[in-house]
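Structures are listed in the sections that come next.
Two complexes follow with chain A in common, the first pairing it with chain B and the second with chain C.
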Partner chain A sequence: MNRKIIKSKSYLYDEKIESIAEVPEKELESLPLNKDLKFIGKAIPRVDGEEKVSGTAVFTFDKTFTNIAHAKTLRSPYPFAKIMSIDISKAKKVNGVLKIITNENSPEIEWYGDYSKLFDQTVRYEGDEVAFIVAETEDIAEKALSLIEVNYKELDFVTNTLESIKDSSPKIYNKSNIPDPGGHANYSRGNYEEGIKYSDVVIEREYSTQVAIHNPLEPHCTITKWEDDELIIWDSTQAVFSVRDAIASRLKIPASKVRVIKEYMGGGFGAKLEAGKYSVMAALAAREIKRPVKVVLDRREMNLAVGNRPDSQQKITAGAKKDGTLMALGLTSHGGMGAYPAGTYVHWPLRSLYKCDNIESNEYRTFINAGRARPFRAPGHVQGTFALESILDDLAEKIEMDPLEFRKKNFTSIDQDSKLPYTSKKLMEAYDAGAKAINWNNRKPAGTIEGVIKRGLGLASQIWWGGGSPPAYATVKMNRDGSVQVLCGSQDLGTGTYTIIAQVTAEVLEIPIESINVLIGDTQATPYAPSSGGSTTAPSITPAVYDGSLQIKKKLIAGASAIMELPTDELSYSQGKISEKKNKDNFLTNSQIIRKIRERVLVATGARNQNTDKYAINTFGVQFADVEVNTLTGKVTVNKIVAAHDIGRTLNRQTLENQFHGGVMMGLGYALMEERIIDEYTGKVLTTNIHDYKMATMKDTPDIDVIIVSETDPLVSAVGVKGIGEPAMIPTPGAIANAIYNAIGVRINSLPITPDKIITALNNRG
Partner chain B sequence: MRNFKYLQPENLKESVGALSEKSIPYSGGTDILGLLKNNIISPTELVNLKNIDDLDKIEQISNGIKIGALTKLADIAENDLVRNKFTALAQAAEQVGTPQLRNVGTLGGNIAQRPRCWYYRGDFDCLKKGGDICYAEIGQNKYHAIIGGGPCHIVHPSDTAVALLALNAKLTTLSPKGEKKIPLKDFFILPEIDQTVENILSPDEIITHIEIPFPSSNSKSGYIKSMERGAWDFAVASVAAVIDHNNGKINSGKITFGGVAPIPWHEEELDNSLKGVSLSSESLIQLSKYALKKADPLEHNEYKINLTRGLLVELLSNLVG
Partner chain C sequence: MSKNSKSKNLSRRQFITKAGTGAVGSYVLFPTIVKSNKSLNHSGEEITNLKGDTDLSLNVNGKNIKTKVNANTTLVELLRDHLNLTGTKVACNNGECGSCSVLLDGKVVYSCHMLALDAQGKSVTTVEGLMEGNNLSIVQETFIEKDGLQCGFCTPGQVIAATALLNKNPNPTMDEVKEGMAGNLCRCGAYPKIIDSVLAAAEKLKS
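This part shows the complex of A and B:
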């Protein structure tokens, strides 16, 4: 096991992420192409599929103990208020109430940097935490909640992003709602003014995107249990190690005394990347009442308090030459963070997706009295791509160029910031494959379709990172019977992490999937692996699993060599057996080798390789939408989405398609129906359930055609896989919006494109 | 949610006897459970109607059809007689909610369900709940009434009631005072009469049957609904129609609207203008302009006028095409 310590670099947005990591000293030999493999790339059913469909899989939501206590959170009913007093005397008397925590009896724990506390005396959005009640049952906790008397002093509030930046608007922190520093980001390249000047056509458009809520099926939930001074937390999380470290530091106990476990999870989409206040509150309460405490957020809390994709109010100016050369792109954008700091910027696709020498972008993020944003499946990119791809279509129309040709004309083979080539960019192949599958040649000019129901085609491209990085480790253990356990500090969001780990191990060791047991999502049992966000899980951990499995194989061969007294190059490994190359009958099984070398368990820990610094690592793709619009009723039907992407190697065709289907449906919901709506007069959210907050249903599901144009990306890792969770969603809304425009010839510049907007736009046109 | 007593009467008479000001009847429960859990209503007694025999039948009677109020929406949507002769009702029933909701939700409950206004359902002390203001009047009123509203601006959420109104249905109700027959058109009440309720049922009264007369033999009926997604959405607007036509012209008909007013909406003038209308799309579009002429939309819902007229054109085209 030869290792070296390196400084690992990877990129996410403007951030150059550097971490010191231990990586394999030598580059590993790349896996052959999928056609020569037995497990990888195949549509292997999920290893946990049976448990899930039979209902025996225990999600955090399902976890319980006989002496468990249940907690509920009292949240502010006002968007902005000062808590003058809290009277818990009536609530305390309710039979079965075990503990009530408020700002009066809680340790002071900072939250959202130093912007707030675990229990703050000022509440800054409807849903901000006020008190925490632990009781024998959830019903008792809820009843007691209603008996807490809080005296609030209501303050003037602002919930609208563009209102919040006006001088006259209420200030959430007694100074400008755009924090300074930190509230403004500028990016420029080339000479934007010149680019505009030398353009033949210049257009300017405004776009507005809504606030969207993650709403995973499994709500945020946690169980905390103390065993002496050790705290065990079962958390529905995308990041067991982040949650562990955050909670340990907040409770001022060693990280080694906190164990975070997450076995199965019903989705996170970015909302579960951080430790929740509820976990810390539950831990505090559990320590006092000496019983495990469970807290499960309800759907209302999910829609108020655990994150969202922030809105964006974008103004874009774009200039091009008549020959289709993109000359300049300018962006001014505002986004509402919510009441506490969060990212809202959307300029990245505009800056990186197409070749454009002259760029000027100014973005502002502002505090509003509403739930705080969190990362949400390709933060910024979904909003930015919708606006960019909309204006590019308008520009293409102005210069009378086919939208697809226009994009091909402005293809870039290098990353325009670093000037590095990409490890792989098969976007041209994706354009051709996708255009063929959607019959792009049948596309008619916008607004020329006759009849009440008009059909249109549209496209949007995608760029994302998704290359993964070290540090990420996986420990592979082979038992005497030849069965294998893989331990990795990653977690399965429902995307199939268990399955792909087993596949990689099975491939290297040539053993049945059934003989492999994967343990992930447990900080105490596994080596470190990163949070599952940014589409980095598969590209970060599978090379470590590959490395660990290869090391086991090497150990077995070395063992066999000693036992058989033959040099290793005269031995070959096949299907769990090592035989003499010249005499196949002279062989030892893995099991025999382990017995003879008198070990009970062979152990090796694999590590993710260092990232290349000679190339930029990104994923690319294009999606084409085929839609029908009923011009009488504004109803949009998405007939088909073709998703053609370069995502490196496909590990599992079934889980890959699952992720694409999920991403496309989430994109479709965002394009056509999802929206958090706030009553501007009271500052209260109206869409606090999943009937009023409309997500797409089975009946909205189009045909989804997934085309993967890449075989592998060996410059990323020996496994050659890149992430797909976010790429799958990024282009969907832009493609649908462009298809709607193509159908009806009227542009809807604000999402979601609901029937009322279509009817109004058609009506205004006359 | 406040605790309540769960009463399980064995028959119709006992059920009606158990009902009072402080109780609420419960059958499919798809609406009641939400109302209870969100603390919109807090009855002290829940009266289970599911033990009542024979209220879940669909039977043909001499001049039409008689449907028990406890009949599941799914059974109505699948019933051959309903599909053939009362198509609008079958189409309305099959567009309610989701299969899960239709499998438990009943016709009586669908007619008597409470509105979906997000202020009424949310954490707002609104007019309908005894408060002082209708938040929707100046607030987020995209889904609210464009006609018949004020001082409360809800829309009636039922799909089936819109179809039943077009089909001239009559309700049978029972209370300790006895049985009543109420034409559906007299069942719903506007907020200007009483904004706290949507119909004339008294607290101790339940719907037992719905009777619909056969439409004339050469007529056709249908129901069309606008939703913002493919399923599990209440009507943004909807239209039911019963149309009698021959030789390319409409003889007579009845048109009703949902999602636009606090009650299922009917405009007699519109029905009167149906006679003689030719079935070309131009004349149907012309006809649709007579619908909702007195609409008085709020800030965010003017689109509903065109939407509803568009639905009307589409429905009539489907029916006569």
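This part shows the complex of A and C:
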């Protein structure tokens, strides 16, 4: 195991993420192309499929213990209030109530940095935590909740982003709702004013995007159980190690005494990247009552209190030459963080997707009395790409250029920020393949289609990071019978992590998938791997699995060399056997080697390689939408989406397609129906169930054509894979919005594009 | 004041709790139908509300069950909490998403949205009951082959809905699949492959 310690760099938004990591000393040899591989790239069925279709997969939601207690959270009914007093005397008397925690008896634990506490005396959004009741059953806890008497002093509130920045607006922290420092981000490049001045055409548009809620079907849930001074937490999470560290530090106990386990989890989409207050509350209660405590959020809580994609109110100015050269892009944008700090910025696509020398962007994030935002599948990029791709279409129309040609004209092979070349950028190939698949040549000019039902085509491009980074490790263990366990501190969100780990191991060791057992999502049993966010799981962990598997192979060959008394270069490894090159009949199986060298388990820990600093690592793609708009009802039907992307190597064709489908469906829902609505007079959320918060169903499913134009990206890692979870969704809303414009000739600049907006826009046009 | 605001958001379960009757009697276990070795989540003496006051006889996955439940116990609570059949999921608990789908006399119902007592004398099939011994049903098997799932949380409901659809209409068109399965939400958006799975299962079942 030759390793070196390096400072690793990776990028996400403005943040250059640096960490110390142990990486393989030498670059590993790249995997051959998929056509020469047996497992990777193939449509191998999910290794956890059987558990999932048979109902035997135990999700955190399903897990239980004999003496388990159940908890519920009392949440503020007001968007902004001071808790004057809490009377728990009646609730306490309910038969079966075991423990009640409020700000009056909780240890002081900071939350949201130093903005709040586990139990704060001020509640800043409808849903903020007020009390926590543990009882014999959920029903008892819920009944007791209603008996807690809280005396609130209501405060003037603000739930609207643009209202919150006015001087007259209520202030959530007694000062400007835009925090200073930290509430304003400026980015500029070149000379924006000059760029505008020398443009032949300049247009200005305003865009508005809604708040969207993750709504994974498995609610946020946790079970905490103390075994002496060790805390075990089963959590529905995307990040076992980060949950462990957050909870250990809040409880002031060593991280080594906290074990976080996640086996099956029912979706996250970014909402489950951090430790929940409920986990800490449950741990506090479990310690006192000396019983395991389970908390499951209900759907209303899911829609109030565990994150969202924040809104954006964007104003963009764009200038171009008549020949299609993009001269300048300017953005001013505001986003509502919710009541506690969160990211809202959207300018990245504008800054990085196309060649443009002159950029000026000013973004503001502001506190509002609403649930706090969390990362949600390509944070900022979905909103930013919708607006950018909308204005580029308008600009293309003004200079009478085909929207696709306009984008090709402004293609860049150099990262606009770092001026580095990309490890790979096959966006041109994606444009061509996608255009062919959607019949782009048949596209008619906007608004020229006759009839009640009008059909249109639109496109949008995508850039994201998704290259992954060290540190990430995987331990590969081969047993005497030749079977293998792979341990990795990663998570499977439904993305297929279990399966791709098994595939990479099977590929290297040439053993059946069935002989490989993958264990992930357990901080005590596995080496560290990063949180599953940012489309980094596959690109971070599979190179570590690859490295670990290669090391096992090397050990086997060394063992065989000693036993057979032959130099290693006279041996070859194939299908779990090592044979003499000259005499294939002289061989040993893996199992024989392990026995003869008197090992019981061969162990190797693989590490993710260092990232290159000579190139920028990104994913690219384009999506084309074919839609129909009924101009009498305003109903939009998406007929087809073509998703053509450069994402490095395909590890599993089936799970890859599936994740693309999912991204497109989520993008479709965001474009056309999803919206958290707050009543501005009461500050209360009106969309707290799945009936009111509309998500796409099977009936909304278009034909989705997934085209992968890349084979591998060897400059990223020896495996050559990049992440796709986020790239899959980023361009969908922009492509649908542009297709709607193409169909009806009227532009809707506000998401979601609901029938009422279409009808109003058509009527206003006259 | 807080109670007032809260009451506007009364969940269905709270409503039923209020409408329900008091709890007496004792909770009856049926270990025979507990598939796994996991312990039940409550031991009788520690629990108050799992004691039922009304007799209930029904058939679950081919086995006759006699038990007592409270009037406010929903079918999914009976299945998950009393019978330990946790394959059936609850995602909205409000009859909106289909994760809790089970077959009631062969017809799909949302088990979160009906009372256990309404299953009196009826036959319930959960995802566990689709298994043929230790073997997956053709529909289950095809969902794996065609990758008609991602996170797997809605999958039991999808598989149940697909089974019911194919029982009723062995030869569905794609539009009929979309219509028939529209009551089962998949937030991962695996719909295209769920559709593939149902259509492929239909083909297999024919031969």
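Miscellaneous remarks
By definition in this document, the second predicted complex is superposed on the first by the 766 of 766 C-alpha atoms of A that agree within 3 Å, B and C clash if a C-alpha of one lies under 4 Å from a C-alpha of the other, contacts with A are read in each partner's own complex, and residues count from 1 in each chain.
Throughout what follows, contacts are C-beta pairs under 8 Å (C-beta built on N, C-alpha and C of every residue); 3 or more make two chains touch, one makes a residue touch a chain.
A quick note: this is a predicted structure, and the numbers were derived from the prediction, not measured.
For chain A, the partner with contacts to more residues, out of chain B and chain C, is C.
Contacts of A:Ala696 after superposition: both chain B and chain C are touched. By the touch criterion stated above, A:Thr754 is placed in contact with chain B alone, chain C being left untouched. Contacts of A:Ser19 after superposition on the shared chain: neither chain B nor chain C is touched. In the superposition on chain A, A:Ser418 makes contact with neither chain B nor chain C.
When the two structures are aligned on the shared chain, A:Leu686 is found in touch with chain B, with no touch to chain C. In the superposition on chain A, A:Pro77 makes contact with both chain B and chain C.
When the two complexes are superposed on chain A, the residues of chain A that touch both chain B and chain C are 77, 139, 142, 684, 688, 691, 695-699.
Residues 43, 45-46, 48-59, 61-62, 64-68, 74, 76-78, 95-96, 130, 136-137, 139-140, 142-143, 146, 148-150, 152, 215-219, 264-267, 269, 298-300, 493-496, 654-655, 657-659, 661-666, 684, 688-691, 695-699, 701, 704 of chain A are the ones touching chain C in the complex.
Within the complex formed with chain B, the chain A residues making contact are 77, 139, 142, 452, 630-635, 672-673, 677-682, 684, 686-688, 691-692, 694-700, 754-756, 759-760, 763. Here chain B touches chain A in the complex through residues 1, 98, 116, 118-119, 121-124, 135, 138-140, 142, 226, 228-233, 236, 281, 300-304, 306-307, 309-311, 313-314, going by the rule given at the top. Residue ranges on chain C touching chain A, taken from their complex, read 1-6, 9, 11, 13-14, 17, 35-36, 38-43, 46-50, 80, 85-94, 96-97, 99, 126-128, 130-131, 136, 140-141, 143-147, 149-156, 159, 177-179, 181-195.
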